[in-house]
Amino acid sequence: MFTRSAGRAPDQLRPIRITRGYTMHAEGSVLVEFGNTKVLCTASVEERVPPHKRGSGEGWVTAEYGMLPRSTHTRSDREAARGKQSGRTQEIQRLIGRSMRAVFDLKRLGERTIQLDCDVLQADGGTRTAAITGAFVAAQDAVNKLAAEGKLIESPILSPVAAVSVGIVEGTPLLDLEYVEDVGCDTDMNVVMTGKGHYVEVQGTAEGVAFTRAEMDELLRLAEKGIGELIGLQRQALAQ
Amino acid sequence: MFTRSAGRAPDQLRPIRITRGYTMHAEGSVLVEFGNTKVLCTASVEERVPPHKRGSGEGWVTAEYGMLPRSTHTRSDREAARGKQSGRTQEIQRLIGRSMRAVFDLKRLGERTIQLDCDVLQADGGTRTAAITGAFVAAQDAVNKLAAEGKLIESPILSPVAAVSVGIVEGTPLLDLEYVEDVGCDTDMNVVMTGKGHYVEVQGTAEGVAFTRAEMDELLRLAEKGIGELIGLQRQALAQ
Amino acid sequence: MFTRSAGRAPDQLRPIRITRGYTMHAEGSVLVEFGNTKVLCTASVEERVPPHKRGSGEGWVTAEYGMLPRSTHTRSDREAARGKQSGRTQEIQRLIGRSMRAVFDLKRLGERTIQLDCDVLQADGGTRTAAITGAFVAAQDAVNKLAAEGKLIESPILSPVAAVSVGIVEGTPLLDLEYVEDVGCDTDMNVVMTGKGHYVEVQGTAEGVAFTRAEMDELLRLAEKGIGELIGLQRQALAQ
Amino acid sequence: MFTRSAGRAPDQLRPIRITRGYTMHAEGSVLVEFGNTKVLCTASVEERVPPHKRGSGEGWVTAEYGMLPRSTHTRSDREAARGKQSGRTQEIQRLIGRSMRAVFDLKRLGERTIQLDCDVLQADGGTRTAAITGAFVAAQDAVNKLAAEGKLIESPILSPVAAVSVGIVEGTPLLDLEYVEDVGCDTDMNVVMTGKGHYVEVQGTAEGVAFTRAEMDELLRLAEKGIGELIGLQRQALAQ
Amino acid sequence: MFTRSAGRAPDQLRPIRITRGYTMHAEGSVLVEFGNTKVLCTASVEERVPPHKRGSGEGWVTAEYGMLPRSTHTRSDREAARGKQSGRTQEIQRLIGRSMRAVFDLKRLGERTIQLDCDVLQADGGTRTAAITGAFVAAQDAVNKLAAEGKLIESPILSPVAAVSVGIVEGTPLLDLEYVEDVGCDTDMNVVMTGKGHYVEVQGTAEGVAFTRAEMDELLRLAEKGIGELIGLQRQALAQ
Amino acid sequence: MFTRSAGRAPDQLRPIRITRGYTMHAEGSVLVEFGNTKVLCTASVEERVPPHKRGSGEGWVTAEYGMLPRSTHTRSDREAARGKQSGRTQEIQRLIGRSMRAVFDLKRLGERTIQLDCDVLQADGGTRTAAITGAFVAAQDAVNKLAAEGKLIESPILSPVAAVSVGIVEGTPLLDLEYVEDVGCDTDMNVVMTGKGHYVEVQGTAEGVAFTRAEMDELLRLAEKGIGELIGLQRQALAQ
């Protein structure tokens, strides 16, 4: 069986930290840490919507994702300098956006946009799942601010949402992969769930060999456990 | 219960057609039709590899995806004219590439590239799953051509691979969604499986409400049935 | 004298096929075949005009052109992936657009746009002339649809238009060059004419040695013959 | 009959000036003026060739074209700021490059490149034909410099080349259109010919109504006359 | 002590020429020459303002800068072909724009834009300072034209503005560096001043070794002398 | 006289914090804080040089700069999404690069590159000067690491370097402007100096009215005081 660093059990999350109010300008600003993975998630409220929502009475929630060039082991090119976002970046920011919209009632939000920016300061595996988990807290802070200003009748947030990665490394199903585990894994799955234990996204990929139904079931079980804990930690952070 | 067009049963594929040799220049050229969805899949062999594979003794398999501007109900902008591929396009072509590589032994392929181009001539839902299903047949034709030229010792293809979409529409789980079903569905899942019945990719998304484990199980069952049939049809097409 | 494939005479067109209704969404959809050259031409009607026509009471007719990456002998890069259209692509789509506008009364069209998309599925020389010939039929179908919906008082189409290439290969003037002829030709000329036998475009280029006035006269004679036949075939196709 | 400005006859060129050595760094630097149209043509020699000519023993001749933003009546956007060259720009620079290569023996040039830059300082119609006429003189100066340095065995230039526009304005065929004539013309033709009176390029376009064979013949006659005179003026300029 | 070409004294400008009306379309068109450096500066008036000024009652003054590809010793790539302006180009055009706005009262200009285009025909050092010096004259011509048309109540120009480079070469402080001096200098400073002798911009850069306060004082003294002379020459040019 | 926030004296820096080892992957990683301005500066060592230094025996030091979208009061567009870096961004990163190279002996560095990335987490004025001050500390850490690995014979760093902004607000010269001061200032100057008190860069800009020599002298005096203190704080941070 695969041995994890720091004596971590296969079904154990890394130490999680959720720090609200990390920067001062944004309506919501959260530093989320999954072990050494650190992502700054900010929520910005804009009193306008993109063209496809204009006049609809509905708002919009969307996300962008980026990695600082030296958030990784070896420096990667700055996307702004290269002049375009990679396919991976676009895939991740679309995932974060869909995950947030899955728990938002856009009618209740009114014709405004919540823009979530998830910037990876330090990467050690699981940046997209950390981003989703942190972005939800930033979004909740932004919604609370709108509510405090009397701009909302009812909260547009229907449920919390969080995400975690799971995977099979040397035959062992593991929760919350860190970088060295991610590199060596045969199957990698990102799961996004609501506070009610329902699925928002399931994205499983066979990196090496195709995986069986039994393996998928075990991975889903691990993910459910991890997400339950993450949602508890989000609640704690928001209660402070 | 939701009634499908043409009296189709919930667990029934649309009429599938796989036409090999559709165009004359490519090493593999397949027109795949899932009902009204028509995708031209070509496989091109190039005797070189991208930089990250040079000198490795291994080959590479990759894919690009595009839609003709008027393959859809209303014309969409030509990506070449806009100057960039959308996030959706990149997501789909990355999915096709990973799906193909999952059944390829890159060492056996040798230092050459198989480039799969999947271009949608007419869209009616399920273009990405049709593309994967057709691209496999085009790739097999290209491999057969290499083998006939004595360039391969063993076939680099380990298994067939095919894909299908499944989803829940008005509470009914359905196999192989067409466009009107896709637009109205609550949950949408694309599943890629090998000929051995193992998973290569599972991508489930809650479009409206989050979905339960029981719903996911039912969707996976439908997908398994559909992919089994598709792999049979690929075999028939390749036998001709 | 140069011998053509399939015993074709110097002043003979390749077998021409014009298939209407090739795809289902577009207002006009034509597959045009000049021998092995196959171009899908679709006409899309949009109830708006570009900025320079707004409020003018006039419509607009424009074209875009593309080649599928493996429509050619060796795969060419996808323009959407490279992020820009080549000079050749732009030159061809400007030519198609001008050729269509030459037979359109934009006032009679009203403030709407007909967008012609010409996508080469298989290339064997003469793709731009096939595109013009097919695009006219697609445009006529779109106009007929508008007329049937009562949106036009008079037909905005003043005349048919078609195009053919001519060239001098090893001293022999030839009509409708296929790829192997095009590669070896000294002079290459694309001619666009109306149903009345008038010129819309003449583009002659000395590939190797400059050409004489006598050679040009012979090429124009061949082109006139070929275009007369093509306009007859357009009429037949539209009569069905 | 249409009356031209400054009492110009229909078959008369505008005053032509060809100034060599206009700027100091380039191997050839020519300011060419066709009336108020002023184009700076420089020839730069580079001791390398583009990839498709490497190791071929042959050289390359190519051209780029640009307009200063306020060379025109109303300012046009700077292409460098917009981030791409227009289709018109690309079409023109491809035409200039082909015209120059038509009179060059690339083998005799050896593996080096002559890059022609044609920048319009002031536009009043006919910029592309002025550019070709001036670029030839700049290219000849660059070749003379190479010859003086002992780098060439034989001159790679086979013949002079020049270009002129012709057109039909209010029924009158005219030589060398200026801007107000170009705007109002029904047919516009650019002709490029060698010193031997052979055609390199003929590009005729019906702006309004399609043109007849008789009209084309008259335009070609005017062009031949004009180009003969331009080649005489090139010779005079080079003799100084 | 460093010896300058043409026996120029350390505190002496190169021969300066300011030619108004250099091209015919622009509202102001000035060829400015600092020795062999030649920059064409045009001023274009547009009766609209950029979005951030709309409805403000204020106008806008802005600048763009470019170098013709062969204005330099060795040909540099055309920015329009590369698809973007370099950092150096942007830095220079921002500097020219700020320098012009420093002497403009945008309220008096009214809601219109003066666009200055500075294109280097021939470069021999000091192109940005020549551009500022020439652009002011072009701007004044455009303002005079607006005034003559009765479109201005008061002149929006508060003062002339001019610029010069200074630097330390082999220990000697020099005024108005030409290319060979610029290449070898330790410190390079561009100074922009008004007619009242006040500073608009000071940009000093240590190319090799950092410079002392005493050196800066000497450079500022030289710049002040040179700009005084340049403003006199602007006045002379405008008086003609 | 202008009153500063938090009772700050006109010649007083904001509270400065320099935190080394802020992220774990980079060879140097420094969070620098000038009051509420927070910039993460990382130094990455790469064992290769850009083309213009290959084979020279010399290394290279360069910088990139970016702002997180919500580091500012209102969210600004992500440059990676817009597809290009603004002129401001390029100007700043060129300034940082030049400032670092001014204190580096590139021969002693050997053929390797130190890439400095300065990313603004929170902006409150003075981000470029904070970036230079922090980047130096990160660069020193990277050099120390190279030295510890035995890869350097002598330190390539010749002197510390730091930067500060100064400006005139409502007639009062101020050191180290924060955002509200920067917005309202008449003159803004960024000064970069070495540990020996020599100038590397002086960039003064009249935002509103042109400034006098006496004002410049006072600003330079303030800058010298501030930079002296910053270099002391860099030394303290590096001593820990």
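Which chain is which? They are A, B, C, D, E and F, in the order written, and residues in each are numbered from 1.
Simple rule for what comes next: contacts are C-beta pairs under 8 Å (C-beta built on N, C-alpha and C of every residue); 3 or more make two chains touch, one makes a residue touch a chain.
This is a predicted model, so every value here is computed, not measured.
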| item | value |
| --- | --- |
| Fewest hops from subunit A to subunit E - one hop per pair of touching chains | 2 |
| Fitting subunit B to subunit E on CA atoms, where both chains share a sequence, rotation angle to nearest 5 degrees | 180 |
| Type of subunit D:subunit E copy interface by residue overlap (half), same or different | same |
| Far-end chain from subunit D, centres as C-alpha averages | A |
| Centroid distance [mean C-alpha coordinates] between subunit C and subunit B, Å | 33 |
| Between subunit C and subunit F, centroid-to-centroid distance (C-alpha), Å | 59 |
| Centre-of-Cα separation between subunit E and subunit C, whole angstrom | 51 |
| Residue numbers of subunit F (touch at least two other chains) | 83-84 |
| Chain order, ring traversed from subunit B with subunit C following | B, C, D, E, F, A |
| Parts of subunit B lying in touch with subunit A, wherever the complex brings them together | 84, 87-88, 90-91, 93-94, 98, 102, 159, 189, 193-194, 196, 198-206, 209-213, 216, 220 |
| Contact set on subunit C toward subunit B in their complex | 23-26, 29, 36, 38, 40, 42, 44, 46, 64, 66, 68-75, 78-81, 83-85, 89, 115, 117, 119, 121-123 |
